[in-house]
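What follows is a single structure, written as structure tokens, with notes after it.
By written order: A, B and C. Residues from 1 in each chain.
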Amino acid sequence: MRDPMSRFSATLGEWMAPLFLVAVLISVYEVVLRYAFNAPTVWVHELTVLLSAACFVVSGLYALEREEHIRVTVISDRLPRPARRAVALLNIGLAMVFLLAIVWGGWSHAWEALSNWHRTRTAFNSPTPAILKPLIVLTAAAMVLQILVNWCRNGPNR
Amino acid sequence: MDIGTITLLMGAAIVLLMMLGVHLVFVTGSVAVVTVLLTFGPNALPLIASRIYSTVDNYALVSVPMFVMMAGILERAGVARDLYDAMHVWSGKLRGGVALQTMIAAVIMAAMTGIVGGEIMLLGMVALPQMFRLNYDRKLAIGTICAGGALGTMIPPSLVLIIFGLTASVSIGDLFLASIGPGLLLAALYLAYIWVRCWLNPELGPVSNEGQNLSLAEKIALLRGLVLPVGVAALVLGSIYGGVASVSEAAAVGVAGAMICAAVRNALTVELMVAVLRQTMRICGTILWLTFGASALIGVYGLIGGTKFVAGLMAGLPLSPLGIIMVMMLIVFVLGTVMDWIGICLLTMPIFVPLVNELGFDPVWFGVLFCLNVQIAYLSPPFGPAAFFLKSVAPPDVTLQEIFAAMMPFIALQIVALGVLLFWPPLALWLVG
Amino acid sequence: QETFSWRFQTLWAAGSINMKIFSDFCTNVAKMSGGRLTIEPLAGGSVVGAMELYDAVQTGILDGQNGGGGYVAQKDIAFVMLGDLAGAYERPDQMQAWYEYGGGKELARELYAAHGTYHVGLVWHGMESIPSKVPINGTADLKGVKMRAPAGAVSKILERFGGAPVSIPGGEVYTSLERGVLDATDWGTLSMNTDLGFQKVAPYALYPGFHSMPATDIVVNMDRWNALPDDLKEILTVATRDFGRDMYQRLMIEDQKVAQSAGGMGLTLIDWPQEDRRRFRATASEVWQELAADSPMARKIVDSQTDFLKQIGLI
């Protein structure tokens, strides 16, 4: 069976995916209200962006758990096993560099946005910064763990 | 270290890491982080998360998952298969007929969307497996989809032209009008190329034998396969051009249309929707995180003085005005191999736009030239977004290197079109007046 | 002597006349300081997005910005009340007088200091003009108008006149106007709008404008500001004051050129009568009061400007 971290990543992605459908339905609702009733909403566009953006962020973790991220294999496939192992380690190292930079550099603004519950101050005034900024940091942190889990899952020989 | 050396090192690192097989999502991102650490130190690290936030908090991206959903529904409900069966039979003895029809469909879809990712992924999900099934040459099929799908920003509406217009303070309407000629030229070049290749070598685009055995009634019955997808296309086009929906909203209308198609065929089940939504999540994860790394790189390069570097390259060139434009196009082309178009626009336009005005060229013509060059940037390796979009939806045995190889003839055609527009501006400007 | 080489990002797009004027400001500072303070002008979006610009200055990634209060809205609504008190003024010099002599700069500096930055000065590009597909001759014609209005205040005012605010993002405004998804939009000054070709899809423009006069700013990271010797501080302050004048006068000339040739480009200019302008301003002032209730700093900024507007007879 899969480990708890992978189960978390997969389940979170699966539970958030329906938000895409919500984004579609409210967008159609907006089109109908505006065209047929001349009554556009002030919330549909902003909520569509918020829902989609939240999915975009978390989708990175979901794809990582499924090891779907794209790479060029033309050289690495022909490398001897020790060299391939070195490339795998390099991959983990660079992933850490990128993800930890997001966590380290992003957490203070994320915390500021969350603790002060930053809103957009538009007519809808959604808490988009307060939700998305922490979500980016937390997802990057989860991706750090998921990378290590993937590495253990594949064994040291890959 | 001067910015020129840093630029070379960054470019070399990106190419090397990509070739070694590091996941692309971590290549651009980690190069951005290391560069900013070495030049500005850890205090500048908040830039990375900040770029990601601005990237996701962007309405233009919303249509990406919507196109993927549209394609997923049409494909799983069997609509795609019926469509291609009908196209295959009805193309009769025309060699490469299905590829030609796919290219025409790509042009029509380009009028429905202003972005590239959604269109390539939709074609990749709907058309690619079908062209493989009909024994089309893999490279021809892949190239058709990537080059055709990239037309999404060459034929209006176009996000590239909108961003260029806003950046250069140039009329967006004029840019849209001016891009039609070059966009259609590009499509015509692609069609001619496909036709000639298949005419020279019939195995690249096999004709259907089924057609001969079918009666006219059976052939007409096959046309029913066209009704639903054409209906969706008409719904989307109609909602945009009828002033009902904005361009991004029209993508949502398209998803609703695809769901209606599936319902008509009694295929709209919870299982289908769950599978489509999970697939959408997976594809967004592979593609959008790639753009996060690319966006971080853009910010870092802007901070360390990328624009100044471009200015240095342009300063004091002993060239004719047209020669200067050609140098600009060369810079865009080279940057396009490793950078996202939006980054190229932000870096180069502060230098290029005033210079273009000073030299007395029409900025609308220049905008369309830039847009054509972005078509090349989408396809050119190693950082070729079109290839990444297709890879994320293609059957697993399609590798990135195969995709890039398939694109080469189409890149050559794009360079031809760029040359034509460079020396013959009326191609763009005759509609603008 | 110590030299300072700084990086400022602006909100303005790379090829706009506004960007050119911002670059001129940076050149002036270098000349006035004899090269002791140089500022590299970075175009909109080149390092960070507009909404993240202020954060980048606060943390010191950038030394300063030519940003705007509207983009810091999430931190405190007071930034918005300073950056664009919707419907308040008729001309930039009126707000400039408030900023310089009516208590404005003291309040601005207090607000920005609380968030780790120094407010050097405000810069105006002029009254914005509303492009529309239908003639809007006064407040009564706002009823039922689908207008893109991203800012909270403008959409609230519009709603009170029976309009329908739409929140379509910037990149989709042109096509949405063209196809009739929108009737009108909030955008830039008359010449900024015609540069983008809005007159081709929206044949009317409300000019001279009245609904919004956003101010951009020169804001510097507090530590960087404190590190400057006094003479450079003064040079930057005076250069900013001149930047404010330069920006609105050059854009005023551009706007007037367009106004002269409006007929030739098929554009009908609509000048609202005084009583409609007053009615709009009265409703706007109710909305300011509503928004000011959210923050003590916003309350102070709105009260100070309201007093000043009474003093110069606008309300």
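Here are some notes:
Keep this in mind: a contact is a pair of C-beta atoms (placed from the backbone, for glycine too) under 8 Å apart; a residue touches a chain by one contact, two chains touch by 3 or more.
By chain, with names taken from UniProt: A = TRAP transporter small permease protein; B = TRAP transporter large permease protein.
Being a predicted model, the structure only gives us computed values, none of them experimental.
Under the stated contact rule, the graph of chain-to-chain touches is complete, every pair of chains being in contact. Relative to chain B, the most remote chain by averaged C-alpha coordinates is C. Looking at A-B and A-C, the interface holding more C-beta pairs in contact is that of A-B. A separation of 34 Å divides the Cα centre of chain A from that of chain C.
Distance between chain centres (mean CA atoms), chain A to chain B: 23 Å.
Touching of two or more other chains is recorded for residues 44, 46-47, 50, 53, 57-59, 244-245, 248 of chain B.
Shared interface positions of chain A, defined as residues touching 2 or more other chains, are 45, 108-109, 129. Each of the following residues of chain C touches two or more other chains: 55, 59, 168-169, 181. Partner chain A is touched in their complex by these residues of chain C: 55, 59, 73-75, 77, 80, 144, 146, 149-152, 155-156, 159, 164-169, 181. Considering their complex, residues 40, 43-44, 46-47, 50-51, 53-54, 57-60, 114, 157, 159, 162-163, 165-174, 240-248, 299, 302-303, 305-308, 345-347, 349-350, 353-354, 357, 363 of chain B touch chain C. Those residues of chain C whose C-beta lies close enough to touch chain B in the complex are 7, 13-17, 19-20, 40, 42-43, 45-49, 51-52, 55-56, 59-62, 168-172, 174-176, 178-181, 192, 195-197, 200-201. The residues of chain A lying in touch with chain B in their complex are 13-14, 16-18, 20-21, 23-24, 27-28, 30-31, 35, 45, 48-49, 52-53, 55-64, 66, 68-77, 87, 90-91, 94-95, 97-98, 101-102, 104-106, 108-110, 128-129, 132-133, 136-137, 140. Per the touch definition, chain B reaches chain A in the complex via residues 17-27, 29-30, 32-34, 42, 44-50, 52-53, 56-59, 61-62, 65-66, 69, 239, 244-245, 248-249, 252-253, 255-256, 273-274, 277-278, 280-282, 284-286, 288-290, 292-293, 296, 382, 388, 391-392, 399-401.
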